[in-house]
Amino acid sequence: MTVRTTLTASLIALTSWAADAQQPDLANRRLTPEDVRRVAPALEAYTQDGLYGDVWKRPGLGRRDRSLVTVATLITRGQYPALTYYLGQALDNGVRPAEISETIVHLAFYAGFGNAFGAIGPTRDVFAQRGIAPDTLPKAAPTLLPIDEAAEADRARRVGESFDAVSPSLVKDTTEVLFRKLWLRPDLAARDRSLVTVSALIASGQVAQIPYHLGRAMDAGLTREQAGEVISHIAYYAGWPSAFSAMAVAKTVFEARPK
Amino acid sequence: MTVRTTLTASLIALTSWAADAQQPDLANRRLTPEDVRRVAPALEAYTQDGLYGDVWKRPGLGRRDRSLVTVATLITRGQYPALTYYLGQALDNGVRPAEISETIVHLAFYAGFGNAFGAIGPTRDVFAQRGIAPDTLPKAAPTLLPIDEAAEADRARRVGESFDAVSPSLVKDTTEVLFRKLWLRPDLAARDRSLVTVSALIASGQVAQIPYHLGRAMDAGLTREQAGEVISHIAYYAGWPSAFSAMAVAKTVFEARPK
Amino acid sequence: MTVRTTLTASLIALTSWAADAQQPDLANRRLTPEDVRRVAPALEAYTQDGLYGDVWKRPGLGRRDRSLVTVATLITRGQYPALTYYLGQALDNGVRPAEISETIVHLAFYAGFGNAFGAIGPTRDVFAQRGIAPDTLPKAAPTLLPIDEAAEADRARRVGESFDAVSPSLVKDTTEVLFRKLWLRPDLAARDRSLVTVSALIASGQVAQIPYHLGRAMDAGLTREQAGEVISHIAYYAGWPSAFSAMAVAKTVFEARPK
């Protein structure tokens, strides 16, 4: 293939990711509250009274953080229809458009490229409705934040010692693409990037990586109380089993940290 | 925001969950058997002969239970298109509309609220086709079943001792929202509620909670033979790996119980 | 029900699986590169430069294998919109139509029947566009490859000893439906069947079965270098957490094998 043909093909691939996320007739296909009542009246009550009336108002975690956690959970689980509402709510709660953009980019790596592309359609619609211009969004290659060379060298050494003989390219990409590039993009704070990552891990049942990333989130300022609220918040969006598995791992993380 | 605005916003959120589950042109988009033959003729044979001709007819688990297990598995995995057929079949096999309604409410907590809302559209359609009136469905706040205070206090104490210092709100909601409310709703028997929960755990690969819930299911009357058939049934709907992981855990549960 | 009625009902069930995968207006709903730029310009750069410009060109795993791994990953994760592009690319990269057909049949068992049916619509479209005739595809019941009776007897004995008392029907189906039938279908080589299986396990986070199937893949010719590249390739399509969990298990597999 010529370079031109390759580029055309990969643009098709790029856009094909999200074919089902762009739904011009989305509004017409929305369920009404009456539909919910015709099937499960209790579901409406649990949503209004329990989820919106209680969980979202708990003081242990701010509404902005809850929005970021919810958006990350929905993208990780591929639940794009609800995303339109929660993206609008995230903006209302103080998440900046640039932070939403970076959350999607971040989740390409922590939930899969397909999940990130699935979020493009709903986000484009919400940004358009709000008049959010593309020039306010993070560039493809911004000036990166300074790196903590000692900490990163230590991380890279430990991962390399364990896994250089297993998947050298994953070890290399983890360093060069993730920790020396993605994590240093300036438009999502380190603490928020960790919050998004931990949410993705809980929402996808990937508990094995929770200790590293929850520790990193707490190093960046996430408190124990906030971490506990993140878990109970995600219980509603990803199910109790995911939250219970995460709570068991969080316990070991809390106990291993200095008070 | 005023109360009114908040309510409107949350009704939008409520209904936005299931935007993609309501498909007016669903029938027109169905694949024909000829489509399957044009891609994978063996898939038709495995479905007709293996799945419907053998698995569904095995005596170890009744067709009603298999319907409940299948519906729970599909909702947990977000596979709504197949749900329309399996909901109709569930009604034919003796699952009552009120039990389907409660299964959806139950799975809001064990598979995630988005998954429950995803089931609303197909269920509304099936209920409408069958002339099932909303007044036959469980109310939002029915008279609850009596609770086994000793057993619940023991469960709450053990969970609290382990996790009060990790996620106090998850511990609290587990007691107040789940075990003192959801599990006592009268229109789904304790044994069936456990069957739905275990199916959700297997279907989502959340093996860590299987021991508690499988034990609870067996306390409520699920036999070993039935549990074994639940696992092999779900193998077809959620894949062999989910079933094998569940089988390994079920073995430890069986061995720890008195014969 | 009469036999005729049963057959009709199950044909409806058969086709209802994939209702949302058949999208006549798929092309109109595609996102444009401009849509991606309006939300996350970096996502386009990471896709073009990182994924297509680097990962897909790495020498450790051929493009044909990468296509097979990607298609298996997307089907396992239910990401059908991207499948259309990647199926065409798989054919361009040397995957035969019969191999794609067998991959779908294989994944019915390793990712779930619903996932296999979800792949029918996009595959039918791609086959139709390429003029691939149904008579070139594997039959429902082809002449099977010879079996290694000693190895299969050993596998069956070990599984039976552990699990005959837990789920006898799953043990039986694993032998009779999978290892004495599915795995012996001739149109997907043993090594490729293992490659598809391992990809499904990584993509669904089912690490517990990776040791057996990765060992089997390597017995059939998959090299360590290729296995390591499979893991880093899937990192992009299913997220870093899935890949890291798989890498930890692969390490134990590599260390337990003779050099």
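A few comments on the model shown:
Chains here go by letter, A, B and C, matching the order in which they are written, and residues are numbered from 1 within each.
One rule holds in what follows: a residue touches a chain if its C-beta (ideal position, glycine included) is under 8 Å from a C-beta of that chain, and two chains touch if they have at least 3 such contacts.
Keep in mind the model is a prediction, meaning the values are calculated, not measured.
Residues touching across the chain B-chain C interface largely differ between the two copies, under half of the numbers being common to both. The copies chain A and chain B differ by a rotation of 120 degrees on their C-alpha atoms, rounded to the nearest 5. We define each chain's centre as the mean of its Cα atoms; on that basis chain A and chain B are separated by 26 Å. A straight line joining the Cα centres of chain B and chain C is 26 Å long.
Shared interface positions of chain C, defined as residues touching 2 or more other chains, are 20, 23, 78, 205. Listing the residues of chain B that touch chain A in their complex gives 6-7, 9-24, 76, 78, 101-102, 104-105, 108-121, 123-124, 127-128, 134, 137-141, 162-163, 165-170, 173-174, 177-178, 185, 200-201, 204-206, 208-209. The part of chain C that touches chain A in the complex is made up of residues 20, 23, 26, 28-33, 35-48, 50-52, 55, 58, 60, 74, 77-82, 84-86, 89, 205, 227-229, 231-232, 235-245, 247-248, 250-251, 254.
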